[in-house]
Every structure is written in structure tokens, then in C-alpha cells.
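What follows is a pair of complexes built around subunit A, which joins subunit B in one and subunit C in the other.
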Partner chain A sequence: MFKRYTYLIISGICLLLASCDHIAEFERLIYEKPEPAQRIVLLEDFTGQRCTNCPKATEVIEQLQETYDEALVAVGIHGGPLAFAGNARVVGLKTDIGDEYYNHWNLEYQPVGLVNRRTPINYPEWAAAVKEELAKPAPLSLDGTATIEDNTITIHIKAYGTDGTAQGKLQVWLLEDGIKTLQLMPDGSANQEYIHNHVFRTAINGTWGEDFSIKEGETVERTMTQALESVWNREQLSVVAFVYNNQGVQQAAKIKVK
Partner chain B sequence: MRFLVYLFACCCSLSTLAWERKGLTISGSIQSDMLVPQHDSGTGAKKTGDFLNNTYFDLMLQSKYIDAGTRFEFLEYPLPGFEKDFEGWGVPNLWLKGKLGKVELTAGSFYEQFGSGFILRTYEERSLGIDNSLFGGRVVVKPMKGVTLKALSGVQRRYWNWNESLISGADAEVGIEEFIPSLQKSGTNVMLGGSWVNKYEKSDEKIYVSPVYRLRIPKFVNAWDVRLNFSRGPWSVLGEYAQKSDDPSYANEYIYRKGSAAMISGSYSGKGLSVLLQAKRSENMSFKSTNDVSKAIGISSAINHLPAFTQDQTYALAALYPYATQLADGEWAYQAELGYNFKKKTPLGGRYGMNVKANLSYVRAIDRQFHEGDDLVAKTNGYTSKFFKWGDQTYYRSFDLTLTRKLSKAFKLSLMYVNQQYNQLVVEGHGGTVHTNIYIADGKYQFSPKVTLRGELQYLTTKQDQGDWAYGLLELSLAPHWMFTVSDMWNSGETNLHYYQGLVTYNVGQHRIQAGYGRTRAGYNCSGGVCRYVPASRGFTLSYNYNF
Partner chain C sequence: MAALSSQAQSYFPLQFVDENGQIITDGTELDIIDYEEDELFGDIIMPTKVWVKNVSDETVQGGGSYTIQAIDNGWFQTCFPMNCMRHGAEGTFETESDTFMPSQTRSLQTEWLPNGEGVCIVVYQLITYRKVGKNYLPDEDGPTITLNYYYGTTGLARVKGGKVSSVTYYDLSGQAVERPSRGIYMKKTTYADGSFIVRKRVLR
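What follows is the complex of A and B.
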């Protein structure tokens, strides 16, 4: 009887030892080369001024932008329950369109992001998703200009078909950098001096963009205008253009407003 | 409507099914909660569908050697506030149990708890949408009196799927008094227990701490627990300690640090007096059965459970700011409870006696000194922590005093005072510290053996969050079948909104039907330190319960 229990205990200890998986400090990090960019990747960051974890997500975006530079276009969309509409004293960055996007993608928490409009993922997963998307060749390239004249922004988008046919929607957004206003921080404090970058301001060609199609070797051009609003800082504006369909974002571009 | 007719037909047929013959027993239950939601611009409640309902149907067969059970769930259009993956319908739970002498074998879905649940607790809590049962096999052996051995292995349920990790474990409990006659003679019970749980997950999840550095996530996570329970007469003491190996996760911000939980709990219960004293320290004990961030966020996939060490409040305003255990960040939690029955016909007890109950809870952050600087490897160590040192933040503090006294043969009165300090930022992720004073009066008058009227008056004062609240309730019971309830919760401090509710309940045999109309506020619904956010709602409600 005792023999049987001894065998049982020894087997148990062996099992326990076999299942140990201690990872030493020097083994925890695995280096991976930055991915050479085959396309420009769009990262939609669903954020909010009352979201205490959102500054952590912003840090991840800053790191990614440092590594991938212009190959990553980030947009901070203030929508959902933790976005702040503002009041008489504090500037709010929430937009109705931001709310519409938040609800459309069935998002449940913040911060959360869409990398090239794939599955919503949390910020620790963004780097992996960005790498994966960067490696995919794009069927088109995008470029353009954006200029201000008489309180009107004129946007000219030029697309070149580079591989097969791309069909979907062309979406053009207006972003603003360098907005100093309230942000709740991870420690719960309210930072009134927080600088919000790449903030989504409006959708220039409708909430879901306009129909778009391009063939390999073809050039498609579009021109559109947007009235300048007084709360926007004209020195800090930029335009983001991207083509998307059911397979996600096919190509994106960021154009500085001059 | 078709669903209601179907449900009624099911119940009629089942009422003929409950029987016991030749040693075989069939039993089960039906629970269905329904809501016809309406848009409410005042509270922001949305009409999220035409008809929402959560329905559960449990069926169990028992015999001398074999038990079997299953559960059908219809959650395709669930009540508001559950996670999106909660939606669905089907038969998620199915089990078969063989009982052969000292051995019990289970195959299929099962619930299990080792000790206080520090390293393993699978359970069902429908109000929170929790069913973290395991699907696999379990063996329970009682080789001799006072000894219970368990071993199990399985995958954990997450709504309509099973998480990919394999959870295995073993537990042993020995009643020492069975082997030492002198302990038995003196009426002393000493239980020694030990457990081990292992999670194996070959995760594809790629987590980067920077754009060029990816984390190596351990495939195995081990946790163990030891406990000693001593009881003699009215006295009882339980000491328990658990530890978990490195388990970098979204909850702990991907740190490689052991988790631990230590608890001591002492109680006395006798001669009208009861005393409970408890202390617990936990850190980095979030233990989930998935590394997938999107699945690990929220209350699903938990392998373990740490009790909250705070009073589970039942009165509406006292439950307005409930505490949720901080598994990942850790906490020092203390609780003291005193209950005393003043005897009848004594100066304080009066003609019918009086019960006094006081509870003091205090939950504090643990000391955590985070590694500073840009060294990515150092950051993965997380922090250092001195065991007995507190952190800066108070998470929760409450003091309750309840007096219950029968003032006449027909009238019973309970008076309660609650003082709370609630760290809304830590529990809900927004706001600051909320200080409340809550005054509650609960009176019950029995007009006749069949007619009882109960009323509640509650008032909450606070300068924070949404300010003051008032609450009133009247409940008329016409035994044995009917109960009529009307209530209103009024936010007088900020929104001036009324959350009214009217309910009619009818009980007959094993059936209970409740119909109502009302508004519910957005807030947290908690049970045992686990909380679910419930959005505001308004509409017609119908609940049906049946046990057979």
C-alpha cells in the first residue's frame, strides 16, 4: 500500500518538475528586426481623455512611430464612453463621428485599436500587428497635397495602381497635432498640460468615405474641400487618406496641411 | 412571444417529468429573466433589441452509481451589460459522474475549488455572466476516513468556447484528528491541506515591449497552496498561503514576478456572540486561462478567486459603491465583524431581544517600488515589495452598524448605518475617492399570518461623484402566493433622476413568476469581489424560476 503511494508521490513530483518553466532574466526578450515597409499602415487608436490607460497606448504609438517613421499613420479617435466632449473650462476632443466609429466596430473597452481595420486589439498587441501589416505589399500607392486658402482646406489626392485591382472606399480625414488639454493619467491624476497628437477632427468626404476603384498602372485623382473651423490650429493640421474594403485598409498616406 | 409559449410548453411537460423510481432521480431547474427594453433619454438607456432574455435549463439524473447532468442555455439576446462573447445558445455543459466506493470519477463539465480558491475556483454566477467550469476529467478518492485526494485536468469554458490552455491540478486534505485520538476526544479538528495547479498554454500571442523586442512567455504556470484549519468548540482559525510562478500577462503589465496570497482568519461563535477577524495580503495573483489579451480582459477566464474581505451589501444604497478585489495589483485587506444577541427581557434586549452587528473592512494597496529607467529587462521585473508595508492608496474602507429589534409582536425594525470610503479610480478606472454616509431603516409589520408589509427608507450623503441619493421601498406579501413591490431610487445630488420600479411576484408550488416595470441605473453589480458593469435600462421585466 505504502509502496503504491510512494510511486504516486514520486510521479507527482516528476510531473511538477517537468512543468517548471522559469525564464531567466536574460532570456525574456527576443530581438526581432524592424519589418521593411511594403506599405503604409493605419492604426486607429480609440482613446478618451477620461481613459486612464490610454496614455500607455499613446506611448506604444510613439515607440512605433520612432521605429517605422512615416510607414505608420496613427489616428487618435476620441469616441466611446471614456471620451470627453468638453465643457466651458476644459477642451474636449470627442466627436460624434468618433462615437459612431466606436459603436460600429463593436468596441467594448479602451484603449483599443484597429491596425489596418483588422480585428480590434489592445495596445500590447499593436507592435505585432503593425509588423505583420507592413510586410504585405499594397495594390496601390497614395499621395497628395493639402493647402489652406481663405479658411478652406483644399485636398488633392493622387492614387497609383501598383498591383492588380483595388476596390473599396477612399476615406479622407483631418487630424490635428499638439492639442494641450486634459488627460487622465494611469495614476489617476488629471494632467491639464497633456499634449494630444494625431487627433481625429473630422471626416472630410463623409463618415465612411466614397466609392473608389483603381487598376494596375492607372492613376486616379480626387479633389475635395473642407471649411476650416475656428477651434482648429491651422499650423498643426494634417490629412490622412486611405483606401479600405472588407479585407482591411489597402493603403494609407499622411499629408501635411500647408 | 414564440419563446414564451415554448418556455411554457417546456415547463408543462417537465412538471410531469420530475420523478423518482427504482433509485433513479430526475431533477433540474429553469431560470429565465426577460426584458423588453425601452429607450430612455433621461438615463441614457438604449433600446438594444425588442426582447432580451437569459434562459438556463439544468437537468440532472442521479442513481446509486452514476450521475449525469446537462445544461441548456439560451443567451442569444442577453440582458444588458454582458460581454459580447456571452451571446449564444446551446448545451455548453454536459457531465457524467461514476461513484465506485471510495472513488468518484467525473468526465465532462465540472466545478471545483481548492481551499479558499486562491489557486483554483471554478464556479457559476449567473448575475455576473460567469461560468468558468472546466471540461475534462476529475477523480476524487477518499482512501480512508479524514483523507480526500483530488486530481483533475481540463480546458476552461469561456462563454461558447473553451480556452486553449490545459489546466491540471491536485489537492489533498487530511483531517489530522482522525489519526490522533486525543484530538478527537477533546473535540478538536485540525485539517491540513495542500494543492497544486498547472496551466499549460502554447500561446501564439506576440507581445512586444518595444517595436523590436518580443517577450518570451512561459508555457507553464504553476501555483501551489497550503492551508491549516483548526477548530475547537466555538473557535476556529484558518491560515492559508498560496504562490504562483512567473505569469506575465496583460493584467500585471507583463512582469516576471511570483504572485502570492496569504490569509489568516479567526472566528468565535457561541452564546449569542460571534466574532470574525481576518487579514489577507495578496499580490500579482491574477491567474487566467488565456494569454489572448482580448479574451483575458474582463471577468472571464479566471482560474482562481480571491475573496473580497468586505461586506456584501444587500441594501440598494449600501451596494452603490461595491468593492472588487484587486488581483493583479494586490492588496492588504482586513475585516472584523462582531455580532451579539441581547437576550429577551433584559434592559437592552427588551421584550423580544435585540441583535447588534458591526463590520469593519479596510483594504489598502501593498507597497510596490517599480523599477525606474529605460532598461527593458529591468522593467520586466516589475517591482519590489516589502511584505508588511502598505502602499499609499486606500482602496476601500467601510464601517457598518446594524441594530435589529422586534418592537412588538407584529413589528420588527432594522436600523443600519454605513460609512464608506471608496476608491472609484482603482475599482472603476475613473473618478476619485468617494466618502459616503448611509442611513437605512427597514421595518416589517405583520398584519396577519398571511399579510406582511415591509418598508425601507435609505439615504446616502456624499460630496463626491453624483452626490446624495434617497431610496424608498414598500413590499406587500400576501402569503403564500403574492408579493407586490414598489421602489424608487432618487439621485437628489446631481441628476435629479428617479429609478422607479414596480414588481408583482407570484409563487405556486415550485414555480415563481415575477413581472415588473422600471428603470435601473448604470453601475457595478458585484458578487464576492467580482464586478460587472451594467448599463442603465428601462422596460418591462419578466422572470420565471422553476425547480423540479
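What follows is the complex of A and C.
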């Protein structure tokens, strides 16, 4: 009789321990926060082919890209009164959307830049602003693919929420590198061999992008297309995607078109 | 009072200078009649052959402000000292500032790009800046020059507001000059009512 009770008590203790062990294991399944995303900074350079000082700003961008590599995405937006639309002799890089952006931000001079869509600042101040923005955490990561088939670019954007909730707009732009055309230089000369890089060509999903929201741990995907224009060099195209709101650009990415 | 002001400006660290490095007196009016045709952009450009020099032995933060008093057409553009601005209407504007090393001279890089006959009148003033926190704020106002651009003949009549019957330039020896080139002249503008004005003009 005593032995029976002893077995029962030991069995009960074992069951209790086993169930305690189960609770402890359950408690270990706590929510794990996603790995922080690397902050990619967007620099919008408002430039123009008639602007003699604009190549100086381009030099600043080149230096920053050497320092920060892919952590900095630069876009040359040809808009405003010093941008050139082109004529029979010279290829112009001005776009109507570039003009709209220039006017929207109430810009008064060129070159001038927006670093993560904060206050417009002069190019000697860009380096400090980029450094400051890079130190901020990003609420999401952005990545994607861009491929050309039958003169259509198909862009697939994949976002992953890494910190809190991000709301705003997802903007996707098309850029072109390596455009050789006229640029006025700081000494006043006209350089017809000037190579323009990261030139804004068009906004793929509208001038101001599309509504976007993402929660921590969530994946959001978007697919869009863009007809290829004959004046664009398909070998030199890239897509820039970024999420922005009233607090500025939350994250950006540059994707090579293949 | 004007004389005192002029004297004070001569000690200002930034001065307008000509192509020979000679200081252009505060308050000078420059008549600009030369133009170039830019075949690439398809523009007519009336350049301003003026430079700005730091005449002090200290580093100076400088820039400018300008008032477009009249612009019949086209664009007034200035790329001084480190950015470019372009305006097609009357108004007052301020440039960004930049550092001028002692004795440094840099071009004003300023021009009118007319797209038809007319005038453009701009008063340009140099300004020094001082650093307040992270920013540079205007400190002192310096010398001014007035840039009178005339493109075509109608501009000459427009600028005085009356009907001009003739304009004659005289060199410093008093000889009439039919086609003045660059230099200093006395300009006699005669109006339809017989009145006339004679003013010293520097053509660039």
C-alpha cells in the first residue's frame, strides 16, 4: 500500500516536472524582433545643364559614394530654370516631373539637395547630413528586381518591416547612368563630353508614389511595369525605390535593371 | 552722407573689380551692350565682366543680394559665389555665401539672357556673413553696382521712360564715337523735347 502511494507521488512529481518543463519551453517562444535593416540614404540633387556650379555638387556626390558605397543612393533631378529640355543640337535632361519637384520644394538656387527629404541644403552641407541620416534606424528593408522583356521593364519591390510601423508613400523612379551630353562647367566653358550619372528619367508609379504601410515582421510586395523609351540606354538603367512620409525618407534601395 | 557711405564702402573686404583687378567704385552704373550667341543652348547671353575680390588679408564669408528693377524679357542669371540662380521677373534675391580667401578673386558669373529687344536693370550688392551656430547670417552690406543691360535699340528708349531722339558716346578726349567698344565714355542721351542727359558710362 505504501509502495503504491510512493509510486503515485513520484509519478505525480514527474508529471508536474514535465508540465513545468513544457511551460518553460513555451515561455522560451517569445517574439524575436527582426534584425535591424541597414539604413540607405537618398540624396536628391537638383541640377541643370545650364548651371555652372552643378558639377561641383556632382564631385561631392562622387566623394560620398566612395565613402558610403551602396548606403547612399544619389539621384540627379534636372528641373527648375537652369535645367535644359534640349534642342536639335543638344540632348536635354530636363523633365516635367523634375520641374514639379523643384517647384514643390520651393527651391531657389542650384545645385541644391534634399538628403532623405529633409530641409533643402547646399552641397557643402551634404556630407554631414548623409552621415546624420545613416546613423538613424530604418523601420524597414527594401529590395527587389527589375528586368526588361519586350521593351517593358517589370519591377518587383519587396519590403520587410523591421521596426515598428511605417506608413507613407512608396515611390519608384527610373534612373540612367552614363549619358554624354552638354554641361556648363564652373569656369563657364561648355563641355559636350560631360558624363551625367544617376539621371532621373521618370517616376514609375506616379509623381508622388503610392500609399504604403508596413508592420514589423510583415512582408509587402508590389509589382509594376514601365514601357522602355527609345532614348534610354537599357544597359544603363536602374530603379530607385524609397518609402517616405512627413518625417522624411524611411528607407531606399537601388536596383539594377537587367 | 552719401560721401561718407562711399568712403566706408571702400574699406569693405569684398569689392567689385574689373578685368584688370581695379576696384569698381561703389555705386557705379555699368552699361552692358555686348552679347554672345550661344549656338548650343540657342541663347543670347550678355555677360557681365565683373569680378569680386577679397581685398583684405583675412578670410571672409561673402555673397550678394540683387534687385531686378526691370527685366523686359528673358532671364537674369547669377552663379555667384557657389550656386546658380535665375529669375525672369522683378524682385530682390539673396545668394548663398561662400568663403573668400585673402586676395582671392572670383568671377561674378552674372548675365542677362534676353529673348528679345529690351532692358534689364539689376542692382547688385556684396554682403559679408558671420557664423551663428551652424549657419551663416548676413553681417554687413557692402558696395553696389547697377547693371544696365541693353539689348537692341528699343531698350535705350525704355530705360529713361521718355522718347529718345539720339544717343551719342564721347571718349574722354571729347570726340564722338560712332561704335563704342569697351572702355569709359561720356554718354549723351537726347530726348525728343530737346533735353539731354550726360553720364559717365563704363562699357564692358
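List of remarks:
Here is the rule we go by: the second predicted complex is superposed on the first by the 220 of 258 C-alpha atoms of A that agree within 3 Å, B and C clash if a C-alpha of one lies under 4 Å from a C-alpha of the other, contacts with A are read in each partner's own complex, and residues count from 1 in each chain.
Just so we're on the same page, a contact is a pair of C-beta atoms (placed from the backbone, for glycine too) under 8 Å apart; a residue touches a chain by one contact, two chains touch by 3 or more.
All values derive from a computational prediction rather than experimental measurement.
Using the contact criterion defined above for the overlaid structures, shared-chain residue A:122 touches subunit B and also reaches subunit C. Contacts of A:109 after superposition on the shared chain: both subunit B and subunit C are touched. By the touch criterion defined above, A:55 reaches neither subunit B nor subunit C. In the superposition on chain A, A:192 contacts subunit C only, with no contact to subunit B.
When the shared chain is aligned, no partner comes close enough to touch A:248: not subunit B, not subunit C.
Judged by the touch definition given at the top, the superposed model places A:182 against subunit C, while subunit B stays out of reach.
For subunit A, the partner that touches more of its residues is B, with subunit B and subunit C as the two candidates. Of the two partner chains, subunit C is the only one that A:90 touches; subunit B does not reach it.
Applying the stated touch rule to the two superposed structures, the overlap between the subunit B and subunit C interfaces on subunit A comprises residues 50-53, 82, 108-109, 122, 124, 188. Note for the complex: subunit A touches subunit B at residues 12, 16, 19-23, 25-34, 50-53, 63-64, 66-68, 82, 106, 108-109, 119-122, 124-125, 127-128, 130-131, 184, 188. Interface residues of subunit A facing subunit C in the complex, by the touch rule stated above, are 48, 50-54, 56, 80-82, 84, 87, 89-90, 108-112, 122, 124, 182, 188, 190, 192. Every residue of subunit B that touches subunit A in the complex is listed here, in rising order: 83-84, 170, 196, 198, 200, 205-216, 218-222, 245-246, 250, 254, 256, 293-294, 297-298, 376-377, 380-381, 425-426, 429-430, 432. In the complex of the two chains, the subunit C residues touching subunit A come out as 38-42, 75, 77, 79, 82-88, 93, 95-96, 107, 109.
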